[in-house]
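Just so it is clear, A, B, C and D label the chains in written order, and each chain counts residues from 1 on its own.
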């Protein structure tokens, strides 16, 4: 009896070994992930990392990707571009990492994209927004599993035109760095396509990380523009909103447009007034009208809350999309590869022809590596269920309507947008229930 | 002389390691570029002056390289030259104003100038690429178009050579009469004037030298990264450079490079291992240096390297 | 620019200048006594802010009246000053008193780096704030622009009190005169039997508390985030350098110049706002290399 | 001797700080080869006079002439380059350099552009340095840090740094202050021998009357910013005003 048992195990082992050889899968899939663990942007990086830990654990529990477990290695973007670059190369050339998720800041993406290309490393830009990277240069190894700045800003204008169409004057208070400047350029360019005669009354770019906006606020109070755009995030946005509400700026009848505010709502609590147009850089929200009751999503929200006691914000969803996209990419590539473990090249190619779904709608990947992710915006509203404002009058805007087609440059393309897309029946709106 | 041996060994290591561990090229190149900038700041330290703005010259050279590389097909060697020249000219100009100030005023004014450059680069995005900076494609090196790997190897060799030559020349300058006059500024400017020596002119020389070396470093930095950002000129960077100078020790040119390498790798590994606490570790190291080894790592090595050093070489 | 905008710019500048002044005051005081420029002063500002914010949150959690936050801010600042100030003085400053000025700078820079990370380890990187007190104090309207009483009245008056209080302390009290004596000439003061190290400890605690107070008072209107320390440090240096090292009254004027200059810039040429402090400093030092209010000391030979 | 041209002259030199009159329209001539001692109470204006003549202070009125050329308000650097050396009451040396290095740096002032870029030890005029070290008996301490020297030798070094440039006029502010009485005479002997050898005209401020008697060829007594008495030492020292106001306490 014993003998048979021993024999059985030996055979089993032999077989196991045999199968292992046949597929020659790696023992684990090392994934380098850059995220901000220090510096102001850690308001995104830390939740992003939390989500990564959570989701990777789950994936591995379910057998990882095609039976291969994912083992993440994190790089802190906060140590500065050059140090990050060294660290990135250490991962690739010392630890043999062939797949990376980088990065949060567009600056980091700018540094890493060409390096990844040269080192033949599959890089998924998991959170950075700048559309320029994929529009200026064609990459083979670099893809983005989420929308880009153009999609976000054009959708924002669309939502503004749908909800508060009659306005004449607009002002901007953006952080003085690339995103703040570029997003304003895109916003204004698009807006002009709808309202050629719109008047810009003030362009203010307080320095990144400014701690006092009282002068900007006074100026807005003195000018009373109809619309104020503010694409800032983190401490800057919190400070602005808090000071503005203390100063009663929100009481005057101005429409505030804050495309990144979803990531600040819980922190701001009641400082954030009702009726502000907010978005979350994509189409994902813990109260997503279509997926909020989807058990997978509910479960994620619950787990994330118990881990960080905060509701998930957009970077966590972007992380989910990156991992989900990577998984789908590998699986499609594996099929195409006759079940064999694919090379980064094969995955990179596969990731340009596939679709995947995380906690929102399906994201469709394009041949230029850009993911087509719809956009969700809404109006802030106070509700008894939450100690902070939530999004009401949500609208889901299909990505293909608001993204520059392959090979076109966004700043020029937005000027060509036809106002009549406002009448499209594909713009679905939902109330908070 | 043991020092020479030490340097040779160091060079051997720097050149040999990347052959086996390719990823080391980037950090080593960055360390060398930093080292060159530090070398410049050491010149100022010898005059007893701390600049919180010398990264501005690093940055200026970097942008010169980037602009030229984007505008025209120019070889990397020419780019390095242009970057250095630009920084030197800027240094010569700004220096005219700076030599009037000492101590904290000198430090703060340099900081002020660098912050002006920093914000201007960030603001006029149309021209400067804003805070995301300017990326440029790999230029030819020695008029040969190379892949990243070959490019970096060659650049590394050139950088090592340049660093060596710069180190030797600067050390010569330190030991020259002019260099000693510079060091005398630290202790007694009145006496210099009463010897008929213009402290301002001597200091101006030191300042221009510092700017030139920072420019040289900045050019290599830009070529290594293929991207320049305003961050290169942020005052914290200038602080880093001074930090490294103290770490390595300002008693000898080589201190700059010792410091730069230690700093680069400490920061790299600390950041990788105990994320979010690298500043703490660096701070602790700095404190230890201040109390235990005010003459820097070189000061510690010196006894091993030079049995009987001239007293003037003992200074930090 | 018309009269009402002028008025607005003034209003905006004042409260900012007041905060700036409090921090710079602490810095310049410490410099006066130790003759060391404390690069860690920015961290005191940040720590003050975090401690105050924590107090505020505790009070809010305990369901006490937000009015209690005001005293809590001050207490928080004073505690921070006493604890960090003593640690700095005993642990670092008095030990590097005789060292090369460069090493002194680097020493305090090291302290700054350490405090920055400790602060991040303790409070994390999420923004902190305590805004209830501001809303409670209400607002007032000038040229139909709304201001918070807190910014327009509370902060500036605290700054004025600090200035006058310190003046009185230094000139009228025995202890204060000892401080002044040490400021002027440490050796002589010691020779005259002043306990210099006790005086320095006291001064640095006061200076640290002032820095922390700046942060504490900022907490209700701004988000306390990593990095505000470094920011404020550079600005307060600009103030101190512009005024002239160790110039208390001068610091007030320099802070006003920079605060107002900044807010005027936002109205007239927003793009230069960030540069204003540096431009002002450069301009002043061009004309007076020692700063506005210090006299050029001819070295005795 | 008043036929030949004065090496240093002042006319109506005046300067006052606040209420204190430090120089009160001083007319003064110094002739080559003279060895002038200056006496006077503290605050009588001796150092101020030196500071004006060497360009450290600017007079409110009056002029300073060096060999007939007006040097009023010139910088110390220019005046030094014209051949006026100076030593200080508080020795002005390079504390972090060795004695030899201090002198080499001093000598390098004459090395010119290219010379200054040679290694310090290989200055064209390095020989003068060694000579001066010997002359002022500093050779034994040549390798020590300047800051480590005792007061007396630091004073000598201070003077040596001025002397190494071969000035025609050397102005010394209290060369023997802070030096013990027995050392004083040794110091002055060494010094004066050196000055003779180099034929340097000299002015030295001195409190010790013995020193003045032994070493000065001419004596000027300062009282409240003016020269109260000027002439051969014995004559000046006999002057009742001088006896009352100067020697009385020194």
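Quick notes
Here is the rule we use: a residue touches a chain if its C-beta (ideal position, glycine included) is under 8 Å from a C-beta of that chain, and two chains touch if they have at least 3 such contacts.
Every value quoted in this text rests on a predicted model; they were computed, and no experiment measured them.
Nearest to the global CA centroid, when each chain is reduced to the mean of its CA atoms, is chain B. Averaged Cα coordinates give chain A a centre that lies 77 Å from the centre of chain D. Look at where the CA atoms of chain A average out and do the same for chain C: the two points lie 39 Å apart. Centre-to-centre separation of chain B and chain C, using mean CA positions: 33 Å.
Chain centres here are Cα means. That of chain C falls 48 Å from that of chain D.
Among all residues of chain D, those that touch two or more other chains are 92.
Among the residues of chain B, those touching two or more other chains are numbered 119, 123, 190, 276, 278. Multi-chain contact residues of chain C (touching two or more other chains): 120, 271, 274, 301.
Viewed as a network of touching protein chains, the structure does not reduce to a path, ring, star or complete graph.
Under the touch rule stated earlier, the contacting chain pairs are A-B, A-C, B-C, B-D, C-D. Within the complex formed with chain B, the residues of chain D that make contact are 54, 75-78, 80-81, 86, 92-98, 101, 104-106, 108-109, 111, 115-120, 123, 143-145, 161-162, 165.
Those residues of chain A that touch chain C in the shared complex are 38-40, 42-43, 46, 176, 202-207, 209, 211-212, 214-216, 218-219, 221-222, 234-235, 238-239, 242-243, 246-249, 251, 267, 271. Partner chain D is touched in their complex by these residues of chain C: 300-301. On the chain B side of its complex with chain A, the touching residues are 21-23, 25-27, 30, 119, 122-123, 125, 129-133, 135, 147-148, 221, 224-227, 229, 231, 264, 267-268, 271-272, 275-276, 278.
Of all the residues in chain C, the ones that touch chain A in their complex are 4-5, 8-9, 11-13, 15-16, 120, 124-127, 129, 131, 134-135, 139, 143-148, 150-151, 218, 221-223, 225-228, 231, 262-263, 266-267, 270-271, 273-274.
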